[in-house]
Amino acid sequence: MLLEQLSGNLIQGVVLGAVYGMATMGLSLIFGVLKVVNVGHGAFVMVGAFVTLFFFSSLGLNPFIAIPAAFLVGILLGLAFYYAAIKKLLNAPELATLLATFSAGVLLEETVKMIFGSEYRGFNWDVGKVDLIVTALPMSKIFAALGSVAIALLLYVWFKRTRAGSAMRSVVEDSHGARVCGVNVDGVYAMSFALGIGLTVASGVLLTMFIPVGINPYMGGGYTLKAFVIAVLGGLSSPYGAFFGGLVFGLIENTSYTLFAFIPGVEPFSLTRFLSFLILLIILLIRPTGIIKAK
Amino acid sequence: STFSAFAAGHGKIVIGHSACLSGKYAKAGEQAVGGIEACVDWVNNEYGGITLGGKKVPLKYKKYDCESKKESVTSLIGRLITVDKVDVVFAPYSSGLTLRGAPIAESHQMLYMDHGGANNKIFEQGFRYAVQTIGPATSYHKGTLDMVKKIAPDAKKVALAYEDSEFATMVMEGAKNHAEKLGFEIVFERTYPKGTTDLTPLLSAMKAAKPDFVLGGGHFEDGQLFNRQMADLNINVDCLSLIAAATLPAFSDALGHMAEGVMGPSHWEYGVTYSKEAAKEKGKQWIGPSQDEFVSLFKKATGDQKMLPDYHAAEAGAQVLAYVLAVEKTGSTDSDKVRAALGDLEFMSFYGSWDIDDSGLQVGHSMVDVQWQDGKRVIVWPESAQTGKPCYPMPTFDEKKDGKKALP
Amino acid sequence: MSLLRLENVTKRFGGLVAVDRVSLEIKKGEFLGIVGPNGSGKTTLFNVINGVFYPDEGRVFFEETDITRMPPYKRAPLGIARTFQIPRPFASATVRENVAVGAMFGFQAKTINVEQSLEIADKVIERIGLSSHGNKSAGVLTPVEKKLMEIARALAMKPKLLLMDEAMAGMHPGEIDNMVKFLREVAQEEEIAIVAMVEHIMRAVVNMAEKVIVLDYGEKIVDAPTREALSDPRVVDVYLGKGAKEENAEG
Amino acid sequence: MKNRLSPYYPLLPVFVAYFALFLVGRNVEGTWQLVATLLFYCALGQAFNIFLGMTGYVDFGYVAFLGVGTYGMAIAITGLANFPQLGLGIVAIGFVLAIIMATLLSTAVGAVALRLRGAYFAIATIGVNEGFRFLIEGANLWNGSSGMIFTAQLNEILGRDLASRVMTLWADILVLFIGALAAVVTLLYMKSKIGYALTALREDEDAAKVMGINVTKYKITAFITSASFAGTVGAAAWALKTPYVFPPEVFEIHYTIEAIIIVMLGGAGTLLGPLVGALIYGVSKYYLSIFLPGVQLFIFALVIIFVIVTFPEGVVGVIKRKTRNTAIGQYII
Amino acid sequence: MLKVENLESGYGAMQVLWQTELEVEKGTITSLLGPNGAGKSTLLSTILGSVRPWGGVIYYENQDITYMPSHKKVGLGIALVPEGKHLFPNMTVYENLMMGAYQKDAYARSRESLDTVYTLFPRLKERSWQMAGLLSGGEQQMVTIGRALMTMPQLMMLDEPSQGLAPKLAGEVFETIEKLKYDIGLTILLVEQNADASLGTADYAYIMHEGKIKASGTSEEIKNSKDIREAFLGI
């Protein structure tokens, strides 16, 4: 009985973790290249959710088609925000960028509220489900997880194989060195920020495939906090680290519940959240570069 | 109260409201404002104003946006009372914000009417000017339990799974007491934190407890998630009742066939059969627009033809009517007098009956339970308010997917 | 009694041995020069002496107390002060405040108050010739002024041992001569031992140091009176280079 | 010869501002609750500035200290409600408890998190705030998520009239005193070794160590001082002004952000800055919610981005730079 | 080939360069000398554009390039071997070198460039799959120079290329610089602390102090002027 639950939760955790991982890559990418913590992360995820909703409910299109669209929306938002604020704040104390990204998040929330209202929406993309004996998984979740893995792989290949990817890597390694190689470092900053936001907004599509309900302008806050924990698990500045961090986080969230449920007089689910923040602190202290050794 | 627009000779009676138009309660706040505006409109244009000292006095509504933040609540209520000199203050949405404003209203001896704070404890604090329109949290799930008891005497095992928040745990407490009183066995009782995006572990554990029916929920987003993930995990029960979320139109929009047969307690629903005639039958005073009038006034007020009022709108609107009646009854806008009149007041409106106890707690209003049947909300409980029979047990998720509707 | 004594100090970074079994001794009021090619471990040695790094092996004694693993902030009140190779002013504070910080947390940390520190700062600033800049933010000083301010800040600490990491780099020969004279005076008055690490400026080494230690690949290869050390063939080989030999040795 | 009092001149504008606020609030009809809100922002800013402004460390979980302070007062009132004869003594005990709890939490957090720098510190402190809240809810500490509502107990302890005046007047005046005291402490710190040490470590922590500064000690000192002020602000402005506590409300991350905005608008590390920031923020927010209900957050977000990009030093930061070495300059630090 | 007139620049509020004037003739080695902090590195960075000029003009082959972004300047054939290496430590030697050929034109001819670099530094060919961060100091310096060569420069600016190297290695670096001039035909602007070695290889020399050019002339003139040596070089 217990084993069945545990293994069921484990499987769910992996699937969830893949999506969480993908949803954090943008945050890590931006921190890695620009050393900016995007406190408005969740709001960008929310934008992705609305893009999906719009595609599915208003246009009747498959959520997968929303991925490139959301990505594009993210790129545009990212570029606009980069040139309007971030570019001027790169050398300012981190306080300034923290506040600026937070405000950008609020701006998005309020804008979306004005356009779409504050209703809690959702949609139902029914593509069947698989029964795994210990648990059941809807195909939409599996697609979301596979989509996340695919995007993570794509990003990996892009980083390793393309010219722009190598330029970005070189800026992360040593921005001055990159400059003397003829890399347009300022351009790379803008591109990384835009790409990071693009990934984040696109991850909103995958998260919405995973959880197609509860879509509203203020849904992002929880994702921001989760993304911080995941990013730290993965080393904060490494997008692939973040991906694996997501997997680990999904597992922690879904398995510790089964164990906490044995303690009488407590709320086990809330304790799993406590645990994840405790782990965050411990990792920051013993190994701020993340538990997954980024290559 | 020393502050009174009417007493000050403005020739108007003013309702002051610190509304949650932005921030986390924006959704409920928007509804409440629409409901109030609809009823103010009715009072002024249909009812002809408030009869006071033989004259018809118009009603005015003055609102500020408190951003769902408590600091703003106090400063705005302070302003409403002392600068705008309103005659009554309507509290903001949520128990916390309602509590925040109460001491200010008390200190100015200003009538303080609560349309969005359901926590019973608000009325255990000894506030003299606080009066509740929304029903107390502990009564949310009474109806569902009564219904199951009545129509399915064999059902024994109930699972309770709520959001870990002040409001939902209070609902759970009420449900638990009532369930025990009715002799149900509670086989599962758990909470999940606010903002959860995956309920799988909790639902898996709940599934293992094999309940006959499930009561739960908390807010809008988690209710949708709850239902959705029960479907994903193929957890079939005879009855599922979720607070807050299940009664909203968005619920079925978001979930489609998965919402079939799901129930939810509501303070008010479109379709309730509260009418002038029913009031007469019960010997109760009636005031206000009919249900359909209310809906159209609401649409006019919000300027949105697609948006329907939900219970947040209805209870805020009913609160306007209660105030109007009480003022007319005492012939004064003095807070002490109106408060006393409200204590004696019993009436019926499109929202149902209204009656408070000495502490100000709403005891007269009973909730209704709605069920999604063939994509529509049907009021299935209490029997006196029914617009249709309940479907029990509801179809399994697989059956629903194949198009089976939750019809009785 | 020695003021500072290092016994077989080794410091590694990963596989790199930055300082390799170095022993040395400094007496009260003595002037010691440490020279060596880039990367030979001079700065690392300084960092070991004032506690930025703890050595992997060996011991450090100050006034015969073992301070090998004492945190840096406890060493300053014992009377150890330093300047940085790349100046590190507290940029937003004024020059006066920067120097006062030295006085406040240096050798007299226990007894001194803020006002007295500021008075000391004013004196030191005046003596070193920065009076006119006292109320400027340290961040806007020129490089040479920053170096002077660093020396002032270190002197305000009333140290017994002053570690100077290329403090005179970037100064004119004339300025260097003045600085050397100044340091000699102050050191004599206050009995400060100075370990000056001067790389390119032979002039200062020759005029100031009584003794020179030469490092190469972290190892001490020569430890001798200045003139003798600078004409040592090994030093010429690893450090001075052939062309420079004659002139440098003459000073 | 300089006046012995001249180092304290900068307090003058601070006190004048507080006094003016008080006068306006008591004399202009309908402004007291607004003033109360402004006082809350002032006190919050002054308290936060002691840490954020003086050390440059961004504590994103700062609201946790207001939260535990609120709990401190709540525990005192609910726990001692059976001894109403203690009267105001219970409120005093509440403050002591608030300070103790904030101090304990800040010591624990400081000991671990202050080893981190920059973004890592910011994220760690967010984690502390959220984690602590989930611990309260998950382990059902102090009633868990149901929180506590204790207006009735306060009424019982103080009597209805006094309790009502505490909730609507005295709590606000206490907040005023806390804010003013935080300003005094800020100035005392600035003028003492602590201030010099903090400036040094803010600019260059490693160099500061070598200068003999025990950076950990000074960081922790500033952190605990700032946290215990936050604790008292929570106790007065939240627990006494509105006697209830629900965990999600008192650990709401928005308050940290508001505190950061206030400090930053005014000028981090300046004495007058938090006050000026609080007034600008509070007043503009108030009028926006009156004249443009529903869009103020939108407008605010735009304004804040604009301000950060154009005046990163804050209002008082700019004034300070402009008036340095002038007669007014000695009042503004 | 390169001409700098009245150049001013700095960091934040701090001005470092004051009315700097400098000229580099095609096919020569020009040496820039001066004490630490004189502003030599700042001058090179300003020429490349990673530090923004505050005023003055920079001409490259008679074209005004003062405010051109640095990646375009690299495209024109200006290369910088920066002070402190600035390698990409977690990339292989090969990847580091290929980053030099980042720009399209250079990429198109990267094979040839790579051959040139490997002939010049056979050691790098042996180590091409090693992470650059794990190389010895001397090898790292070779990578930096090699990477600059991969950009296919006309003008190569080297900032203290012998820094951190043992004298023997430093000697090799100077030999390499001469090879670059004679074998490949590059024009070189060389910043060095090591005045003797630098003057030994250079055709012309400039002396910089506190952000200003204080003296200039052929290497011989500078070498033989005792005043200059005393006043600025401390040797």
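Labels A, B, C, D and E are assigned to the chains in the order they are written; within every chain, residues are numbered from 1.
We adopt the following convention: a residue touches a chain if its C-beta (ideal position, glycine included) is under 8 Å from a C-beta of that chain, and two chains touch if they have at least 3 such contacts.
Fair warning: this is a prediction, and the values are worked out from it, not measured in the lab.
Novice: Starting at chain A, figure out the least number of steps needed to reach chain C through touching chains.
Specialist: Between chain A and chain C, the shortest chain-hopping route counts 2.
Novice: If you walk from chain to touching chain, how few steps can bring you from chain C to chain E?
Specialist: Counted as steps through touching chains, the separation is 1.
Novice: Taking each chain's centre as the mean of its Cα atoms, which chain lies farthest from chain E?
Specialist: B
Novice: Please indicate which chain is farthest from chain A, where distance is taken between mean Cα coordinates of the chains.
Specialist: Ranked by distance of C-alpha centres from chain A, the top chain is C.
Novice: With centres defined as the mean C-alpha position, give me the chain A-chain D separation in Å.
Specialist: It comes to 32 Å between the two C-alpha centres.
Novice: Roughly how many whole angstrom separate the Cα centroids of chain C and chain D?
Specialist: Spacing between the chain centres: roughly 43 Å.
Novice: Please tell me the distance, in whole Å, between the geometric centres of chain D and chain E computed from their C-alpha atoms.
Specialist: Each chain reduced to its C-alpha mean, chain D and chain E end up 53 Å apart.
Novice: How far is the middle of chain A from the middle of chain B, if each middle is the mean of its Cα atoms, in Å?
Specialist: So the centroids are 36 Å from each other.
Novice: Multi-chain contacts in chain A: which residues touch at least two other chains?
Specialist: Residues 110, 221, 267-270, 272-273 of chain A each touch two or more of the other chains.
Novice: Scan chain D for residues touching two or more other chains and write them down.
Specialist: Counting only residues that touch two or more other chains, chain D contributes 134, 137-138, 144-145, 295, 297.
Novice: Among all residues of chain C, which ones touch two or more of the remaining chains?
Specialist: none
Novice: Using the touch rule from the top of the page, what pairs of chains touch, sorted by label?
Specialist: Taking the chains two at a time, the touching pairs are A-B, A-D, A-E, B-D, C-D, C-E.
Novice: Any idea which chain A residues touch chain E in the complex?
Specialist: Residue list for chain A touching chain E: 163, 166-167, 169-170, 173-174, 176-187, 295.
Novice: With touch defined as at the start, can you tell me which chain D residues reach chain B in the complex?
Specialist: Its residues touching chain B are 29-34, 36-37, 40-41, 134, 137-138, 144-147, 149, 151-152, 155, 160, 164-165, 167-168, 238, 241-244, 246, 248-249, 254, 285-286, 289-290, 293-297.
Novice: Report the residues of chain C in contact with chain E in the complex, numbered from low to high.
Specialist: Interface residues on the chain C side: 37-39, 139-140, 142-144, 166, 169-173, 176, 200-203, 237-239, 241, 243-244, 247-248.
Novice: Which of the residues in chain D come into contact with chain C in the complex?
Specialist: For chain D paired with chain C, touching residues are 191-193, 196-197, 199-200, 202-204, 206-215, 325.
Novice: Taking the touch rule as given, give the residues of chain B at its contact with chain D in the complex, in rising order.
Specialist: Listed in rising order, the residues are 19, 21-23, 63-67, 69-72, 74-79, 81-84, 95-96, 99-100, 102-104, 106-107, 119, 121-122, 124-127, 164-166, 169-170, 191, 193-194.
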